[in-house]
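Each of the two complexes below includes subunit A, the first together with subunit B, the second together with subunit C.
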Partner chain A sequence: MAKWNDSPLFRLALAACAALVAATNAVNGLTLGLATGCVLVLSGAVAALLDNFIADEKGRVVLFMVISAVFAGIAQMIVKAVCGGTAAALGIYLPMIAVNCLLLARPADENGVGPAVSDGVKQALGFICLVTLLGALRELMDVGTVFGAQVLPKGLQLTAMAALPAGGLLLLGLLAGLANLIKPKRSGKEDEAA
Partner chain B sequence: MTRTLLFLVSCVFTQNFVFARLLGSSALFDEDRRVETALGLGLVTAVIMTLASVGCWALDRYALTPMKAEYLRVLAYVAVSLIAAVLVGLCLKAAFPKLNDALNEAGMLIAVNCAALGVALLNAEAGYGIADAALHGLFGGLGFMLAITLMAGVQERIKYSHIPEPMKGLPITLISASLMALAFMGFMGIA
Partner chain C sequence: MKLNLSPAPHVHTNQSTRTLMRNVLIALLPCAVAGVGFFGFNALMVLVVSTFSAVAAEYLWQAATRQKVRVGDLSAAVTGLILGLNLPATAPLWMVAIGSAFAVVIVKGLFGGLGDNFVNPALAARAMLLASWPQYMTRWYAPAGLAAVDAVTTATPLSNPGGFTTLQLILGSIPGSVGEVCKIAILLGFAWMLYTKTVTWRIPVVMVASTAVFSLAFGNNPLTAVLSGGLLFGAVFMATDYATCPMTAVGQIVYAALAGLLVAVIRKFSDYPEGVTYAILLMNVASPVIDHFITRRVYGHGKEAKNG
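On to the complex of A and B.
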């Protein structure tokens, strides 16, 4: 049953799935990605310090959730202070970082803070790339801009569905399929973003 | 009465927690889940969400707001939703051990907490009173139940159909979820 920790790609896609409602344009995607990335690295480091005291998987999830809630709260305040407009657009999906599955469903094999941090940075970079890409693609298809810069002719809307959760899920599904197509099975381990 | 009914339709269909808000969407991706298990898990989630809604409302009203500690909201809400999940888990352990195992899987636990935290945060954002908060938790949980039950049914069908190799597993699940989300949007005119 534990196919949670099987593939980094799988976890990445799940984490991005939770971010789809908010990541409707490149700026939102990037902000959410950066915030999640910072929380991921920091809470991973703290959790690695405490990992020796917790043995079972449920305990790990609970511990991780509390630690990442602390950092998610801090991240929310920082984003609010730095760019209030984006924070408002992200709404509850900013504090929801606390229960992001990228943070919570991690394999229990790290020992020490060093590996945990490097692992966290790798995952964070993958996640930032993926949500920014998703946000940019959706923005392009919905309003024809990327990071607010006009790319397609003005007034041309490819599909309004792109900005909806349904469109985001479809896009993510296609990207995941594309990733599978490009990277043929290599002993079941893939670590490419998308 | 009408208002409650409309609230129900909105929580279950147009603002479905899984398909429209993507809260707890990680619950969709268990390919081995059966429809019966999904129903049970959904009901349990509805109970947890209701408890978390009410608990967070009370905490907000009687502790966080009087002490001007709204910045602790995320941490406090996560703690409350965890406690609700653990309490319900303990009751389940005695009554339905099998369901408890399904709930304790890491993926499901995260999804449940995601949904519970989400409903509490949405309540705070909308400024709901205790009755509305409790109803939001319950109706949102029913929507969650409907979503994972339908997806379990879809997964059972997918197992017996011919899917192109690269689309197997996660991609086809995401695309099915997308189509389901579109279907749920069809209720948009009602509420």
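On to the complex of A and C.
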């Protein structure tokens, strides 16, 4: 089950490269998050459906990658059709959702479609929120807007570094550190699950 | 009679972090004086703000995280002063303060404090400022003495090679960062640090020599390459940071030679006119790798380890 400690961006630092390079503004972050999240949920569900037909652990990973690649291809086409500019901004990181380590990190041993989907949805929602937050903060610091809406006085640039991968990494590290401060207390139930 | 039982070492030195840092501060003084002399009141304000905000940031950080407050060890003052000497005299003071706070809190404090930083704090702060506010980090003016307030923006020797005489490059009457221009002041500081055994000759000498050799190999004038930009300042005061350079003598020579090569490569082949910052930062990160491959032979264990 998805727990705080499985939080992809903040705790596991998965999918960080795509988030750091591509999520330079809120729209890019949200698009990347939605595309990754949909692929995550759908490929998890299909993999769980096919789980009974394949017992070999190595074969399972290969199968899972093929499924992810199919859904990532579909996601890429949809993003290109709906918002071509954002697709161009995301660049190589859009097709690379197929090999996103966030997807590969999903446990292939979920029992049944139901748990696989609920787990995938939680992971996807967490990732979408965090990557959008990261993108929005970087957009705010770089050009003073959020989702294109002017927030800071026009022409005020807090720091140009926020749009660079280095600035994204710094910001992600600081956010993850802050998130650690508000880490919820572990309940006994969670410990059992772990 | 009281018998003291204690583990070795039994011979103590009276050197402490404070005395080491005090020696570095003394070594930085000639550069600071020369910089203020050349760039005037602006330069003085940059140095004052950078030093005091570094000390204040260290105090606030250590107090806020309930650590023992160690501003008395002077390390934050050294970091702040080195950062100030790395900035142009035109730098806005709010930017200087942010740079100092970044160096002390994010580069040093978050990684565990003095000795646990993985890159030189002042250099990382300089790189951050350059990435964040390039427009303020590249405004240089020609030295005009204490009267200079509204001086004309101009190109540094790195962007305008051949525009300055060798004597100008040595004395420091050239545009550039506050502390890097006067080579005589840097060498005075180096001499003081050698005399007080604060640093050894290895890293600065090898790094400068390596830059000269590779600049010559890339078809540039090695003398101009050595005397331009922040090479001497970086090699003497920043590449030698104890926490971020290799521990063994051989390792330090490898580190310095590679840093010199990187300086020459970045200056020649990249879009940036200056490469000292990135060269030293990259070698800082590579230091643990160098230490991994070039280790000190532990007394009494060397041959055994080889045979086994």
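The rule is short, and it goes like this: the second predicted complex is superposed on the first by the 158 of 194 C-alpha atoms of A that agree within 3 Å, B and C clash if a C-alpha of one lies under 4 Å from a C-alpha of the other, contacts with A are read in each partner's own complex, and residues count from 1 in each chain.
Please note the rule applied: a residue touches a chain if its C-beta (ideal position, glycine included) is under 8 Å from a C-beta of that chain, and two chains touch if they have at least 3 such contacts.
Every value quoted in this text rests on a predicted model; they were computed, and no experiment measured them.
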First, second, both or neither for A:L34, with subunit B first and subunit C second: neither
A:V146 touches, of subunit B and subunit C: first, second, both or neither? neither
Comparison of subunit B and subunit C by subunit A residues contacted: B
Touched partner set for A:T159, first subunit B, second subunit C, both or neither: second
Subunit B versus subunit C as contact partner of A:V46, first or second or both or neither: neither
Partner chain in contact with A:G167 - subunit B first, subunit C second, else both or neither: both
First (subunit B), second (subunit C), both or neither touched by A:V21: first
Intersection of subunit A interface sets (partners subunit B, subunit C): 161, 164, 166-167, 170, 174, 177
For the subunit A and subunit B complex, residues of the former touching the latter: 1-4, 9-10, 13-14, 17-18, 20-21, 57-58, 61-62, 65-66, 69-70, 72-73, 76-77, 91-92, 95-96, 98-99, 101, 104-105, 161, 164-170, 172-174, 176-178, 180-181
Complex contacts: residues of subunit C adjacent to subunit A: 106, 110, 128, 131-134
Residue numbers on subunit B that touch subunit A, as the complex places them: 19-23, 25-26, 29-32, 71-75, 77-79, 82, 86, 104-107, 109-110, 113-114, 117-118, 121-122, 125, 165-168, 170-175, 177-179, 181-182, 185
Contact footprint of subunit C on subunit A as seen in their complex: 159-161, 164, 166-167, 170, 174, 177
